[in-house]
Amino acid sequence: MSVVDGKEPSVKELRIIGFLCNWCSYGGADTAGVSRFSQPTDLRIIRVPCSGRVTPLFVVKALMSGADGVLVSGCHPRDCHYSEGNLYARRRLEVLKRFLPTLGIEPERFEYIWVSASEGERWQTSVTAFTERIHALGPSPAVKVNRYDARLVAGGL
Amino acid sequence: MPVMELSASQDRAFFEAVCAKSGQDLLRCYQCGNCTAGCPMQPYYDLAAHQVMRLVQTGQRKAALTCSSLWLCAGCGQCSARCPNQLDVALILETLRHMARRAGYNPQPRVAQFSRAFLKSVHSHGRVFELGLLLRYKLASGRLLDDADLAPRLLKVGKLHLTPTSTPGQAEVAAIFRRYEQGAGS
Amino acid sequence: MSTIDLLREAIRAKLPDLDMVLAWGGDDPLRASPLFIRTESDLENLAAPHLYVSNLAVNLYSLRSKKIGLVVKGCDSRSVIQLLKEGLIARPSLYIFGLPCEGVVDAAKINREIPDAGRATGLAVRSGRVMVQTPENEHILDLDAVLADRCLRCRYPNPLIYDQLIGEAIPVGEIPDLYQDLDEFEALSLDARHDFWMETMRRCVRCYACRNACPLCVCKAHCVADSREPHWLTLETNVSQKWFFQVLHSMHLAGRCTECGECERACPMGLPILLMRRKLNREIRELFGYEAGLDLMTTPPLSTFSIEEENIAEREL
Amino acid sequence: MRIGVFVCHCGTNIAGTVDCAAVAAAAQQFPEVVLAVDTPYACSEPGQRAIIEAIEQKGLNGVVVASCTPRMHEATFRRTVERAGLNRYMFEMANIREHVSWVGRDKKLNTFKATDLVRIAVEKLRYNRPLTAKSFAVNKRVLVIGAGVAGIQAALDCADGGLETIVVERTSTVGGKMAKLDKTFPTVDCSVCVLGPKMVDLAQHRKIKLYAMSEIADLSGYVGNFEVSIRRKATYVDWNKCTGCGLCADKCPSRKAPDHFNELVGRTTAISIPFPQAIPKKASIDASSCLHFLKDRCGVCAKVCPVEAIDFEQQDEVVKESVGAVVVATGFDLLDIRRFGQYGGGRFPDVVTSLQYERMLSASGPTGGHLKCPSDGREPKSVVFISCVGSRDRSMDRAICSGFCCMYTAKQAILTKSHVPDCETHVFYMDIRAPGKGYDEFIRRAQEEYRTNYVRGRVSSVYPKNGRLAVRGADTLLGTQTEVMADLVVLAVGAGAAEGSRDLAEKLRISYDAYGFFMESHPKLKPVETNTAGVFLAGACQGPKDIPASVAMGSAAAGKVMALFSKERLESDPQVAQVNAVRCVGCLKCLRTCPFGAIQEVQARDGSTKAQVIESVCQGCGVCTVTCTDRAIELQHFTDNQLLAEVNYLCRSWMEKSPA
Amino acid sequence: MSAALAYYPGCSQTASAREYDLSTRACCQTLGVELNDVPDWTCCGSTPAHATDHALAAALAARNLAQAMDTGASNLATPCPSCLLALRTAQSRCENEGFKGRVEVLLGRPATLSIRTRSILQVLMEDLGLEALAEKAVRPLKGLRVASYYGCLMTRPVGLMAFEDPDNPTAMDRLFLALGAEAAPFALKTECCGAALGVPRKEAVLELSGRILAAAEESGANVLAVACPLCQMNLDLRREQIEGYTGQRSTLPVLYFTQLLGLALGLPEEALGLGLHNVGTRPVLDILRRTWASEDVG
């Protein structure tokens, strides 16, 4: 769908999805906004109630379907609004991070961090650093799979 | 003092340069004066440390670079240790001193002469040859009688050598100075 | 008495108390199939132990309302423990015949070694050798050469849970799983690994044989692989869907899989899908010091947490 | 579905860096969108009316508003769509202000991003289902934690409003920091004389139950129905018997116990009542100083007590209370003076904190109100006050202004002169913050009427010189170094979170900032609420506050509790987990991982085990959803399909955009 | 026991601070700490180099670190705090690759500076510890009331030196207490003595050093202990200048901490250079001799 003048923006954005818990990190991103802490624009934020709601499968699904990076952010350990959700998340996401290289996906494309609602500056730093990291890695090779599929379809295989 | 016209007199590039060279964000300074409060050399300064910070903040290049205080800092680090905004004030003063030297300002010639004499001594001998250093400094500064009372005491206990010790490393040190003077490494 | 006779007698003795006993049987000298023993006469079809390849625990969840007797090897017993631990079956309705196991033979390997294996009439194992009888020949093979892959790295030849042990336990030393297969795979570049899976998954026919063979996939009746609520996968047979299915399956087994290898054995295309599960297991072992299916007490690591994680560094950006 | 999209300009807040019309035009093409418009202020009355009209005229059954953060206005717009007859959950927000226009500089990129965010909101909305709240009964009792002036005010207001009120206080007396102050600014009236009557009211109110020497051990439950465990610490005195006569303290031979009420200025007895006006006026034993506990001898108190109240065998005891709301009023603590080595904090006895100085000034304090140097008891002839000690100091991670120090320092300078008229007083300050009613006038009085010498500059060091203390600072206005000799140095030490506040926050499931102060729900609009429903804040536990502000906040919190309790029943959030019994295999992993115990085991008709959600207990975190491999349990409004719709769209659109 | 240390004496130690060098070597030998001189060492650059150019200063310092590392040493010690600061500043600045590049151009060789650098005081306190030091002491320092003067650079810059509480260091105080002396409550432990400005701005040094002497006298000390050659020079060699400037007479001896330690270890006074002072050290020895005579040691 074209926007503005139907052309791609001049700066090449990469494709980054963020899963942010409603109570801490989404609030931290809001705080960064209220404080006008400027950030790269690549990230698209999906709001979830808790990092404990983020199944690692969302992350893999995104990375395997064309996202160049996925960032999950929750409350600091001990500070979860639901007291334990982020602690479950930490285990699941750590296992996932270690699993990714076996799928041929750079583990750096995925990160999980803790940002509280008051940490606008930390959010800005984190988004900026993660976006820079993803740009350093370049577009995801997962695109290959989808192109491969497209060729299969086109070739009638 | 004349009226300071804020917008016209502010040299923003100077401010930015000091920040960049020192790696310190001078906008953090809120003029609490703690650098001045603890400075042992403050009584000898023409401008207090916090005033130098303010001159940089307001981009007053000439006033900042010509002040004597830069040259009188003893490098004790008290200002940096005390700064509530974690500014390395001593490093900022040092940065200003480097900038002043390049700009040719030298309001405290004796300090600069001593520095030069010291480095010349290192350049020539690899290590500091104290008697040579003092003589060189006295000649340069014209202050022949300064500390003349100390020499006999030092000589008496063998603490002032009459000739420099020769060090094989001198050649390497001299090479460092030569490259520096040729502008390498800048 | 030979092991098979001991087993037969043990089952015979317990059969009256049970709705049925699950064991292995059949006529094929190289392969046994699951045998559901309901009457004494069924006992005649019991096969020889080296053919007890499949993991009968796969049937337990669907038979959970019945009183079941089950013959397990060491590896199978881990699946039973895991099912018990997850509350998916109940211990009182289960009677376990534990069978110490020296390894089972892989028929495919025998076929590779012996041209006329297809016409084999008998198989016997004695002191590390396998004798295969065909109409014309008697072939003798090294047992190690025809053992199933998973038996070569088997650390638990003796059942970890049973009501009755058949024969003597096999002495076993400390055999570490070195994950050599995984190391070799991970020596490849990321790109090469990615390409490997693309090529592997291209061959997947999405028949779900792997899932159906998995003793822990108890929700296969409502598998997310083909549900609309939630709608994780479309029915398109393209590489991304097939690959994602395999990843999803592996991740659902994280911290649960006992590496019985039935998924891989069941795959008609021979795809090396156990590798992903082994990777997850290795990481979970390193992170949490946990292996699935070893005991009934420990909490699976992904169903719990520590406030201070010993092996997880805080992440910063 | 028939979806309407409203793209808010928020004046120039959004429209300044996002092309809102272009976003709306793009949204018009999204699936199932029948209307997409941009609007100057969606939240304004005309803005909301336009949404209602559109729902009615276009027959919309789903609405997306792209504007500010949902944490700001989600509730507003949900009510809007509800007024037009839609279910409130058939609404989604796209945050294109805090997450787009305020943080991105490139208008084109911002517009792209805003369009994506609107699109994923639409994608999610397509999977939304109407949800209906359930209602439940409210337990109209309130718990107040902390009985300083804020907690006392909150408790009294609640109790006067007819609510059963439980007050838990950690120390052996109510009154908090205010009870320790000698006088208050800017009126210079006696602090405990003002507070005393309120303390008595608290003790005598028939609706208030006070637990002193008690702490919160645990809090469970949810708004309207909390269960609290209170640990009553052993005092070794049966308070039901103790009459507060004080005979025990008079006779106690152990006279070296640390006197916490007097901020460790001076010593007290091992069994003591902290101060004459203490409420409850009951004795307690400090076991770390008592000879009975240390050496297993003595027992004098037990012998002299006329009512036999001493009980050396007493143990901590945990009691349970049920309440419907909680007011947290745990106050603050001063930073440890030993952190200020440059001023000799903790090393030089004549360097004291401002609170210690209050006790030294107080007639009920250890010196009986006579100003004496702690080192040798001489009367000080020069007192130097240092402001901003541990405040506005990034080098010790304390960037905050403690707010009230300027005022109490002026007060203490004035009081010093009234105690010792010929005493010099000097105040080193950076800026004077005196924005309250009568405050700046008060500062001027300290300077003009009481001749306090205000020096603008920080102090670098305090060191002993000729038997006194030399204070070396700067006078930045003169551009010089200054040195002044002092007999006593008073540090206006910054206010930090109360000891143990982080632990308490975790028990209450509320957030705290980097300094340990509790986080309010919104800095401007919800200053008393927390993000946990039913838990409210009062006083300095939220950040440093003076007495009037603490009292106001205490009353505000009480008002919030009463508003909450004005309903007989509360509505539960329907964003809870729900079990699909057909899919459930009965493994009960969800039950084991639920942080709230909100899942129970039930038998299905066929005898099989199933999980079931207790809706009023479920808080909606979604941990169970992820735990369940079969997705037999799904968090409503954040189902896999709803979140997948967002992920899938983003990936798909990117795939399409990526060069072949 | 620690492995051998690379020892960087610094220029002063060959001349105006000879007694510091002598006593350091003597103490270390007695304590079994092996010192290996950095081969062919040269000046660290000190304040004048730093005041001129950071890369030049770092190159001068880095040369010595490289020389030390060429011997395979992993630990370096220097008695002089100013030298230590120069060495550590070079190490810290060279963590920036760009800066390191500039230094390497000047140096003409790779600037690998990973050697651990510490002051002699720090080495003795950390590697041996008070207990071991006290155990090796054969003669108590009883009767001495020591004002320990640390100067600026033992603890500052705080981040770089990371040694002791910058406002109230106690290493020397604890050492002398352990050796049987009293620690005088000396207020100006970390005040500046005026440092190298003695030559170009003498009046400043006389004022500052005078203040330190006065505070030491006030503390009731009968000896002032120092750990820095420049401090010692200002307080000892310039004593008559200070007296002339402030009008206050003072006979307080100024000893290096290593000299006092050496006395406790039973080393002869010549080995510790006690005759090399401007202000006589006799009063210290007199006090100690009385102590030792009464306790029948020494």
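For this structure, a couple of remarks:
The chains carry the letters A, B, C, D and E, assigned in the order they are written, with residues numbered from 1 in each.
We adopt the following convention: a residue touches a chain if its C-beta (ideal position, glycine included) is under 8 Å from a C-beta of that chain, and two chains touch if they have at least 3 such contacts.
Being a predicted model, the structure only gives us computed values, none of them experimental.
Any chain touching chain A that also touches chain D appears here: C. More C-beta pairs in contact connect the chains of B-D than those of the other pair, out of B-D and D-E.
Farthest chain from chain C (centres taken as the mean of C-alpha atoms): B. The centroid of the Cα atoms in chain B and the matching centroid in chain E are 23 Å apart.
Between chain B and chain C, the centres computed from C-alpha atoms are 77 Å apart. With centres taken as mean Cα positions, chain E sits 54 Å from chain A.
Taking the mean of the C-alpha atoms as each chain's centre, chain A and chain B sit 50 Å apart. Among the residues of chain E, those in touch with two or more other chains are 166.
Residue positions 43, 78 of chain B each touch two or more of the other chains. For chain C, the set of residues that touch two or more other chains comprises 232, 302. Going by the touch rule set out above, the chain pairs that meet are A-C, A-D, B-D, B-E, C-D, D-E. Those residues of chain A whose C-beta lies close enough to touch chain C in the complex are 56-57, 60-61, 64-65, 77-78, 84, 87-88, 90-92, 94-96, 98-99, 101-106, 111-114, 125-126, 129-130, 133, 141-142, 144-146, 148-149, 152-153.
Considering their complex, residues 61, 65, 86-88, 218-219, 222-224, 227, 229-232, 252, 299, 302-304 of chain C touch chain D.
By the touch rule above, chain B contacts chain D in their complex via residues 28, 30-39, 42-43, 47-48, 50-51, 78, 82-86. Those residues of chain E whose C-beta lies close enough to touch chain B in the complex are 11-12, 14-18, 40-43, 45-56, 59-60, 63, 67, 102-103, 105-108, 152-153, 156-158, 166, 190-192, 194-204, 207-208, 237-238, 240-241, 275-278. Taken together, the chain B residues at the contact with chain E in this complex read 40-41, 43-44, 72, 74-78, 80-81, 88, 90, 94, 97-98, 101, 108, 110-111, 113-116, 118-119, 122, 126-128, 130, 134, 137, 141, 146-147, 149-150, 153-154, 157-161, 165, 167-170, 172-173, 175-177, 179-180, 184-186.
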